[in-house]
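One chain, subunit A, appears in both complexes that follow, with subunit B as partner in the first and subunit C in the second.
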Partner chain A sequence: MTVFKFALKRSFSNIANLVFLTLFPVACIFLPRGEEWPFLPYGYQYFGIIILFIGIRLAAIILEDREKGVVKRLAVAPISHFNYLSQNLLAYSVILILQCAIVVYGGVLFGQELYQPGWLFLLYVSFSFASLAIALAWISIYRKKDVAFLIYMSLIFIVVVLGGLIIPVEMFPDLLKRMAVILPTYWLGQGLNWVVFGEEILDFLIINGVLWLYTIVFVVIGSTRKI
Partner chain B sequence: MAIYNSIRCNWKHEENLVGNEQGARWMKKLMEPYVFVNAWRFLMVGVLIHLWIIGDSMSSSFILILLLLITTSLRWRFPLPIWFVFIDVFICSLYFPYTAISYYGLALPIFELARKGKALFSLVLFSVLFFTSVSSSILFWFFFQALFFGVFSYIAIKNQEEYRLDVDEQRRARYELEKIKTDLLEANQLVSQEAELMERYRISRELHDHLGHDLTGASLALQAYEYVQDPKEAETLLQEVKNRLERSTKNLRETVHNMTPITQIGVERLEKIMQSFYQVEIKYQKSGNMLTVPAYIWGLLESCLKEALTNVARHSNATKVEIDLQVTESIVRLSIQDNGTVKKNSLSGSGLRSLQMRSRSMGGSLAISNRENGFILVCVIPLEKES
Partner chain C sequence: MRVLSTIKFTALRMIRNYIVLILLLVVPIILITFFSFILSGVVTENGVPYINENAMIMVLVFQLFGGSIVMYLIYHDLFTENKMRMYALPFNQTMYAFSIMLCGALYSILLGILLMVYSQFVLGVIWKNWFWMIYIISLMAILSIIVCLIFTFSVKNYKIAERLSELYGVGFVVLAGLFFPLPRNAIFDFLGSYGNPLTLSMGAIRDMSLTNTSSAWFQANILLGVIAILFMVMLLLGRRRIG
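And then the complex of A and B:
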């Protein structure tokens, strides 16, 4: 588990990462409620965006390894690519799960109205994995960390807007409404709605299932070894 | 500044080369049939997503597309066995009652079956055309294009594999041939050395048999002569010595005559070639002890000379050829230079290439350059020190 420990340490190594990984999520707890929409406090509606950012921030460490030639050296070291990748992803998942826990249960302690905190936590965890997988697939295309990060940031905004996290999907024209379903952020939005109004547990499980399917697709695509 | 500029130019040139190489590699990657196979697979998923967007299926039926996307990306990443298509068929059949997209999704297993050379099995999947509620004519053509492209990729990939095997085999054969060629050249050298040793042995035996006997007799007779008192007997002995010496002189002459080859070898052979070449004026000079050069090197030098002179006669407008043969203690160097001005790339000639290879196998080199003032061929072969 050397890679795992090292990945954990590296994730907190610079100030930018520290801000992303600790301050932003904590700040989410204290954001106020909206008047009519969103149904959850702003911090919880927008936490999905932060999860997407954190995903690419963490996955970019793998890209950095590739840029610096660490992956090349690992290829001849007595460690398999699967080992390297899985331990890295495990470390990032642990960080993301911890953040989700802090945000959800911090909010409960702070006194935010979260309706069903347990299910909300589960939804955030599912979305975190999907976000991490998407980031992993994204960086597998690129060789330069900065380029990958910048393009992904602009993409996040499109995905977030079209997915209905910032603007409610109901306002979209029909075609956009149908297209929104392709994006994982749509399913997060639906999940958040379920947490507020949800009755049928099956709906919520389907939403989580879709997020998990996204995770599998993108992990399969993103786990290619690129030296 | 000039140096800086030249370095910059070089660097840019190298960068261009690297760029070109990368471009070529990309092109090569793009030309692979597997790229098109994967592109088709993901394109099909794209078509399904499009159908979903323009259709009126429920959000939950989008899971079908996600599941098919998973199997597609698994196929892209790993070589999966043929039975994996059953999973696609199973996933699609689960959604038959809910959405029409599931029927279109069957194009993926049809394609996979055809791609693996099992196009006939995929025809079974065509049977859903009779049960579906969606427009079966469009669905038929959709399935048909999947089948068609699947068969096409099957043929393309099969051909590529066959070509690859063929090329591998040819390459192996070429390497073997080159090895045999080198072995032959080495064997040639070895045989020549062996022949020289045998010849030496034969000469020593001949000398021993024909001369040794008489000379020893003469020597013994001379020793006896010192002790002989009787002048008559001494006279006979002296006559005997005289006879023996005469006979051995005659034998020596005969032996040498018998052993001298009729065909010319070595430097004389080279000179003979030059004399018989009358098209162009030849200026010839030599230096060093020609006897130290072994026979197999003469063979190569002779080939070099012949090839160079033939090239001069055939391709050049030269009027004069300078031939310089130098033998030192460690090397033998033959240079042939003409004053022709015709620029022709003679490097591609197979004769010169084979000579280069032969000289390399002897540890030497053969350099050819086409200068402004003529064509020059220099052959340098190291001489082995006799132990």
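And then the complex of A and C:
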């Protein structure tokens, strides 16, 4: 588990990452409630955006390895690519899950009305995995860290708006409403609605299932070794 | 005036940087188009279609990020990669820095105008007063460039300066209350009205379209004053790093 240990250390090593990984999620807890929409406090509605950003920041570490030639050295070292990748991903997932736990249960302690915190936590975890997998697939087509990050950032803006996290999906015209279903942010939005109103557990499982489908597909795309 | 001959190449370098084009032109075009689909038919209290308001906000918001390209060029040319070459050339390096700033401002304004033209001809947004809008856009562009350069000069680590410049953009959008309502107290009220370049410029344009000229000029002049003060600060900080 050496790679795992160092992946954890590296994730927290620089200041920008530290801010992203600790300060922003904690700030989410204290954001106020909306009047009519969103149904959860703003911080919980927008936490999905932060998860997307954290995903790309963490995955960019793997890209940095490729940029600096570390992957080449690992290729001749007695460690398999599977080991390297899985331990890295494990470290990132641990960070993401911890964050989700802090945000959800911090909110419960702070006294935010979260309806069903347990299910909310599960939803965030599913979305974190999807976000990490998409970021992993994304960086596999790039060679430069900055380029990958900046273009992904602009993509996040669009995906978040089109997925209905910032504007409710009900306001969309018909065509866009149907197209939004492709985006993972749409399913997060649906999940958040379920946490507030939902009763049928099956609906919630379907939402999580879709997110897990994204995870599997994108991990498969992103896990090929590129030197 | 040998610096003038470099302007052409500075402009080319800016135009060829496709990431900036994606971030500052393609993304706002997609967002404006998308919002105009959602908001078509919605009218504000004053009877103005809401897409006008929204297109104006988008154009101004993306001006907040216009300084990043200038920051990038100055850092690479005068501090790191091309430093030795630039200092070996027979021209005044300070003037060169100014020429980059000028190019960056013009480029940023041009992108803003392109957005306005797009939204007028494709989406049917009506811009009441083109000249006033362009004037405000230029103020925002210059302010953003100066703020970004202050970060570049004052922070040792360029990565942190970059993040700070992003924080400047995103921070003022949040403080303007565009994402969620902020708590009401003296500090947030100030940062959401007269302490925020975004709300100042939005207010100036709104007032001008309501023919409330004196208030519009007042808000624009605050921006101008801030630019003048920050320009001095930038000169002081820049003298330590350049030349």
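Throughout what follows, the second predicted complex is superposed on the first by the 227 of 227 C-alpha atoms of A that agree within 3 Å, B and C clash if a C-alpha of one lies under 4 Å from a C-alpha of the other, contacts with A are read in each partner's own complex, and residues count from 1 in each chain.
Definition applied: a contact is a pair of C-beta atoms (placed from the backbone, for glycine too) under 8 Å apart; a residue touches a chain by one contact, two chains touch by 3 or more.
Bear in mind that the values here come from a model prediction, so they are computed numbers and not experimental data.
Colleague: Is the arrangement of subunit B and subunit C around the shared subunit A a clash or a fit after superposition?
Modeller: With subunit A as the common anchor, subunit B and subunit C both fit in the superposed model.
Colleague: Nearest 10 degrees is fine: what angle do the Cα centroids of subunit B and subunit C make about that of subunit A?
Modeller: If I round to tens, I get 90 degrees.
Colleague: Answer with first, second, both or neither: which of subunit B and subunit C does A:V94 touch in the superposed model?
Modeller: Neither partner.
Colleague: Return first, second, both or neither, reflecting whether A:I102 touches subunit B, subunit C, both chains, or no partner chain.
Modeller: neither
Colleague: So in the superposed three-chain picture, is A:Y214 touching just subunit B, just subunit C, both, or none of them (first/second/both/neither)?
Modeller: First partner only, subunit B.
Colleague: With both structures fitted on chain A, tell me whether subunit B or subunit C touches more of subunit A's residues.
Modeller: Looking at subunit B versus subunit C, the one contacting more residues of subunit A is C.
Colleague: Would you check which partner chain A:M171 touches, where first means subunit B only, second means subunit C only, and both and neither mean what they say?
Modeller: Second partner only.
Colleague: Would you sort A:V181 into first (subunit B), second (subunit C), both or neither based on which partner it touches?
Modeller: first
Colleague: What is the minimum C-alpha distance, in Å, between subunit B and subunit C after the two complexes are superposed on chain A?
Modeller: When the complexes share the chain A frame, the smallest subunit B-subunit C C-alpha distance is 13 Å.
Colleague: Going by the contact rule set out above, which residues of subunit A touch subunit B in the complex?
Modeller: Subunit A reaches subunit B through residues 175, 178-179, 181-182, 190, 206, 209-210, 213-214, 216-217, 220-221, 223-224.
Colleague: Under the stated contact criterion, what part of subunit A meets subunit C in this complex?
Modeller: Those in contact with subunit C are residues 14-16, 19, 31-32, 34, 42, 46, 147, 150-151, 153-154, 157-158, 161-162, 166-167, 171-173, 176.
Colleague: Report the residues of subunit C in contact with subunit A in the complex, numbered from low to high.
Modeller: Result: residues 19, 22-23, 26-27, 30-31, 34-35, 37-38, 159-160, 163, 179-181, 183 of subunit C touch subunit A.
Colleague: Please output the residues of subunit B touching subunit A within their complex, sorted ascending.
Modeller: The contact residues of subunit B facing subunit A are 49, 52-54, 59-60, 62-63, 66-67, 69-70, 73-74, 76-77.
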